[in-house]
Amino acid sequence: MTDTNGLKNRGKTKADADERRKAAEEYTGAKLESISNYGFDPELASKNIENMIGTVQIPLGYAGPMTIHGEYAEGEFLIPLATTEGALVASISRGMSVINASGGAKTAVFSDAMTRAPVLKVDGIEHSKKVMDWIESHMDEIDEAVASTTSHGSLVDMEFYPEGRSLYVRLSFDTADAMGMNMATIASEAVCRLIEKNTGAVMVSVSGNMCSDKKPAAINMINGRGKTVLAEARIPKELVESKLHTTTAAVVDTNYRKNLVGSSMSGTLGANAHAANMVAALYIATGQDPAQVVGGSMTLTSCEDVEGDLYICVRMPAVEVGTVGGGTSLPCQKEALEMIGCHGAGKARKLSEIVASTVLAGELSTLAAQAAGQLGQAHKALGRR
Amino acid sequence: MTDTNGLKNRGKTKADADERRKAAEEYTGAKLESISNYGFDPELASKNIENMIGTVQIPLGYAGPMTIHGEYAEGEFLIPLATTEGALVASISRGMSVINASGGAKTAVFSDAMTRAPVLKVDGIEHSKKVMDWIESHMDEIDEAVASTTSHGSLVDMEFYPEGRSLYVRLSFDTADAMGMNMATIASEAVCRLIEKNTGAVMVSVSGNMCSDKKPAAINMINGRGKTVLAEARIPKELVESKLHTTTAAVVDTNYRKNLVGSSMSGTLGANAHAANMVAALYIATGQDPAQVVGGSMTLTSCEDVEGDLYICVRMPAVEVGTVGGGTSLPCQKEALEMIGCHGAGKARKLSEIVASTVLAGELSTLAAQAAGQLGQAHKALGRR
Amino acid sequence: MTDTNGLKNRGKTKADADERRKAAEEYTGAKLESISNYGFDPELASKNIENMIGTVQIPLGYAGPMTIHGEYAEGEFLIPLATTEGALVASISRGMSVINASGGAKTAVFSDAMTRAPVLKVDGIEHSKKVMDWIESHMDEIDEAVASTTSHGSLVDMEFYPEGRSLYVRLSFDTADAMGMNMATIASEAVCRLIEKNTGAVMVSVSGNMCSDKKPAAINMINGRGKTVLAEARIPKELVESKLHTTTAAVVDTNYRKNLVGSSMSGTLGANAHAANMVAALYIATGQDPAQVVGGSMTLTSCEDVEGDLYICVRMPAVEVGTVGGGTSLPCQKEALEMIGCHGAGKARKLSEIVASTVLAGELSTLAAQAAGQLGQAHKALGRR
Amino acid sequence: MTDTNGLKNRGKTKADADERRKAAEEYTGAKLESISNYGFDPELASKNIENMIGTVQIPLGYAGPMTIHGEYAEGEFLIPLATTEGALVASISRGMSVINASGGAKTAVFSDAMTRAPVLKVDGIEHSKKVMDWIESHMDEIDEAVASTTSHGSLVDMEFYPEGRSLYVRLSFDTADAMGMNMATIASEAVCRLIEKNTGAVMVSVSGNMCSDKKPAAINMINGRGKTVLAEARIPKELVESKLHTTTAAVVDTNYRKNLVGSSMSGTLGANAHAANMVAALYIATGQDPAQVVGGSMTLTSCEDVEGDLYICVRMPAVEVGTVGGGTSLPCQKEALEMIGCHGAGKARKLSEIVASTVLAGELSTLAAQAAGQLGQAHKALGRR
């Protein structure tokens, strides 16, 4: 094996990163010039990555401004989007412009909690029942265990799923404005240690996949994870025709055959055109966890003809976002959050409403384009090689 | 509404981007200094984004080197990973180091085709049958229609899914080293136009969601999309104990209760610990489409005790990657691809094997950490705020 | 068209049934002699069927006796099974005999409620919120509406699932010893009429498929429907070898590859060998609704090696049974229920535990047979043509 | 334990059954008079059940006559239905009467094959590839192995699903007019024995749950199992109003909110109102396997407004039926098959078209009733206690 000495450097300073990058160049034979050309002190990212050698620059554009009437997001927003997929930003912007002309998007948050579901090993059915009984009659101690790990979060719900020699406990936390996965993990482990001590159950994994993080899980689609958010708009008939070059009937029909029937026949969780695209572009821009695009991909998009107008709604059961922690304080990401007034405490629900509104715009535009038979052409014109 | 004049600038030059960014700063009140501080000519990204105002810089580190014995990837690779999730790179690296000490990962590609499934409107059952008959007896013309749109791709398979007044046709293409979604879309539309002309069926949408792109669809998990890739390793008992501080039995038990039973009970497509994390970090680093993390999230991870050693395998049914097109030629992304010898033609399967190997390492490390009851602590030490 | 006069007879007496059967014979040309040869007064079935012309006789056997230690079922039970699948009863009996020799099955009911989920049409997000608010602040009136339709049932839980212009309300009822679908439907309609009057929402369907009855729905697998019941047994190593002619390791391995990995890869809700077989045979014998076999088919079967012994458990999230109402009072079905002491009030949970125990025995036997590579042969010997 | 001597009698004669029943009466204390009162020689059921003590009599009615224009079923059919659910037969009959007045149901079979998917244990990825290679290059021997077990069936397709140390092989058989599960099992085992001998792979289970029998599996919904059948009808606007007392718009809306959106949100495989009801009633009447109601429960029902008329279609991806073997030769069941001209060879596809047509009628009637807000009332009037 090639000498990998320089690769072992574990420091966090710019000099460390430079040294490591040079070793990587030597090791791989690749020139990493663009990667090296970044604009912030790597120590700022010391809690976000290890072995840093530079950055990857993702093109950032914006869509909008978009008019949003939410419970938490109210006003006009210029939405930062990081993507490498040609036509995406333009398409979302088109959707926003039509929604604006229709009075804007309405949006609301219907539930909000971050889950973690440890799996405990038990002796069997009887033991499961005893463990459940103990937990239910010691909620004060459980709450204390949570409180000992965090001052921001609290336990708000708990569901049991007993199975043979495994007992899954789905814990739901209020994690304030953090996405909260980390907080939930640490608190859950503390809860489990308490349960272990008192019941003889053994924590096999702090995550038993009934949480479920970054996996397409029906439990999240049905019971929600992070924020459950809806956004809707009603596009007047005239605008559908003049600005989207199609008809209400055609869009409703496209949504019906594609998103509802097609998704059902393909065994899909959720029913949408490309929600993951908008979610990914906005999550990457604002320092969210891009693996949580999975939760966003379970969006359900519905379209209806309401007195000739086009009613469109997106239901997003699992918007897992935060405005503190994670990647939200990195320089570019922080600026992107500031563009939409979403950096820092008290902003997470607002951000989730902006996510849903952006998805709404992207869904509208793509469905209308497909209804108009334009998708192939749009890509030919704006598109990628 | 605020004056949005400056926002309308649609140009692609650096000056256009600067002007637009200034307008955005004015409009939003946010300072976009870090976003402005990027290292390449925006015209290079002219096919990747619209309304560009700068870039978002994602910290880039590496894991490895990792020893891979694949059909297409053979040797030692330093894996570029872009993430903001603390502990992720370190964890993957740990997994790689253990796999290396065990002789490396073995990997292979089992199928390779990009799908697009238009939905056609038909009159009903009889019409569906006629359309299917026409298509099956005119495959030469269909192939010509495809060839008229692309010189890189070709149609390799076709499945019919008739339903009432909708007929879904799932087309599978060889798209060479492009991820191929765009090529498949354009070719599919050409095929549909031909069918329309000859059968009276009407294309409602070039994508009828039986493709299915960027949605968690059982059809992709079962029948595959993009590359279906497996990667495996056998970790000697001694290494499980000395390097992972746990036992084969504990890891197998964790995988069983968490990934298999827990995923089943939560109605999850796939069964893994956090495959989407590795997929997202590698996709973002190398200019892949981050919304296609969804396909990667349906990974199935299995662990077995083989003569006391730990056998671990990841099955990834839908690795949708390319080494040409999309974001692969952007400066940083190109460099990241070059780090693993994956830029340009003839490299897409190699890249998919590297993806699977990286996921294998991440799964091993996390499962072992959970088996050792360390997850919470690991995050406390390395972690995020 | 043939004259269908005699077919129109709508009466419920024996004479009516005879006359109708003769008309059917004439119409179809088939002799319906065996169908005519039944042993009870058709008026007894007047609430169970229309257009009765006779009966279909399903062979009835028994498995067991089986030793069950449940919360509601305690003792030894001879289980009535109606089937036409050769080898099924013998196989279940074999499982029971091994379980008996191991000390019997343990079983418990973890939840119990029948659901109905009407879908209401609303104007959009804001209206949904108002309707939800109205409902939550008028629970007394809601309960009264329920009480006005039934003296046996009561509303025990309610979940909201808002989506665009649809609001789904999943109502959970205690329905005493009736399976309760009918009671839940009537009560739900009364609740909806009240909501309609006060909120302007319009009931589109008393069942909005989030109930969900007789469909394989993740919501039932996850959140339960009817009874959620578990049954388990621990088979000593020696018995696995002497009576099942296989080993603990082989059964555990079969369950792992087949029920867990295979079910995951095929996108299956639940993970079992053939739970639906036992459920169908017992449901048909005891006058349950055979379409609710679907709920039973989502069983999860787990097997573990516990100190060399074979631990096996079935988790059944949706056992929808009753011991009053439906087909339970028909003569044969009533007798079958009496065989297990389950006819009439106060017996539904007991019945559900017997269902789970029977499924446990059938799963054990089939898994062991497959582990021993015997399935093909068993069918050859006992089997069907 | 009570003496269970009499229970051990294993004979198949009437005298054996009588003796056994008496022992069961003694053992349980229940009088089994109705169960004893059956009309055929138990030796006729000797391959259908063990431990027979009598029969369960299920009320049999009929719906129709129904006009069907299929590829295999053509004409008017009086459909035998065995059920204990009041209002079901009447409701189906209502649907049929409306469909008849609209010109009848059209139906067709789109695919037909019975699957069995053994799981083989292999050493890992490389071994899997070798086994797959061996199989693909020895198809003649494989076909011979199949032929050695059956003269009625043949192998028509094969799909590989490699995973770690498991290799799943989904074999599809033409099983003529038998449902074919048994034939497929025996043939699959022979194939596996051949593979074992030549490749070193070991058959863990002849069914690896990628078949998948009697489980709600996406693989069957997507790729089909048994027969994939569609049935459709177009109900003139006037008939929707005069006979169904609702409107095309209302039925379409009900189907949309309930079957499509509701099923999506509840994570359901398929999208229908109550297909399993019709399937169960017809399967039980005609000696099919009632556990295979599960396959029928994945039906997708679609409704569209076509020029004011109501177009309705059911897509049934997994109709697993036979007209020889199984319970089809039992006296009552044979007569029921004869009512629809479906007993014996050459009739299985005809039967599958009748199944789909009956489901169509039941879906139409229930959707229309729900659209008319009548469901609760209908049950009150005709219904169960």
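A, B, C and D label the chains in the order they appear, each numbered from 1.
Going forward, a residue touches a chain if its C-beta (ideal position, glycine included) is under 8 Å from a C-beta of that chain, and two chains touch if they have at least 3 such contacts.
Values in this document were obtained by computation on a predicted structure and should not be read as measured data.
Considering the contact criterion stated above, the chains in touch with subunit B and with subunit D alike are A, C.
Looking at which of A-D and A-B shares more C-beta pairs in contact, the answer is the pair A-B.
Between subunit A and subunit D, the centres computed from C-alpha atoms are 41 Å apart.
Mean C-alpha positions place subunit A and subunit C at a centre distance of 38 Å. With centres set at the average Cα position, the gap from subunit A to subunit B is 17 Å. Multi-chain contact residues of subunit D (touching two or more other chains) are listed as 161, 163, 166, 218-219, 221-222, 261, 263, 265-267, 269-271, 300, 302, 315. Shown here, the protein chains touch in all possible pairs.
Listing the residues of subunit D that touch subunit A in their complex gives 218, 221-222, 256, 260-261, 263-267, 269-271, 300, 302, 315.
Across the complex, subunit C is touched by residues 106-108, 110, 124-126, 129, 160, 162-166, 218-219, 221-223, 230-232, 234, 267, 300, 302, 304, 306, 311-313, 315 of subunit A.
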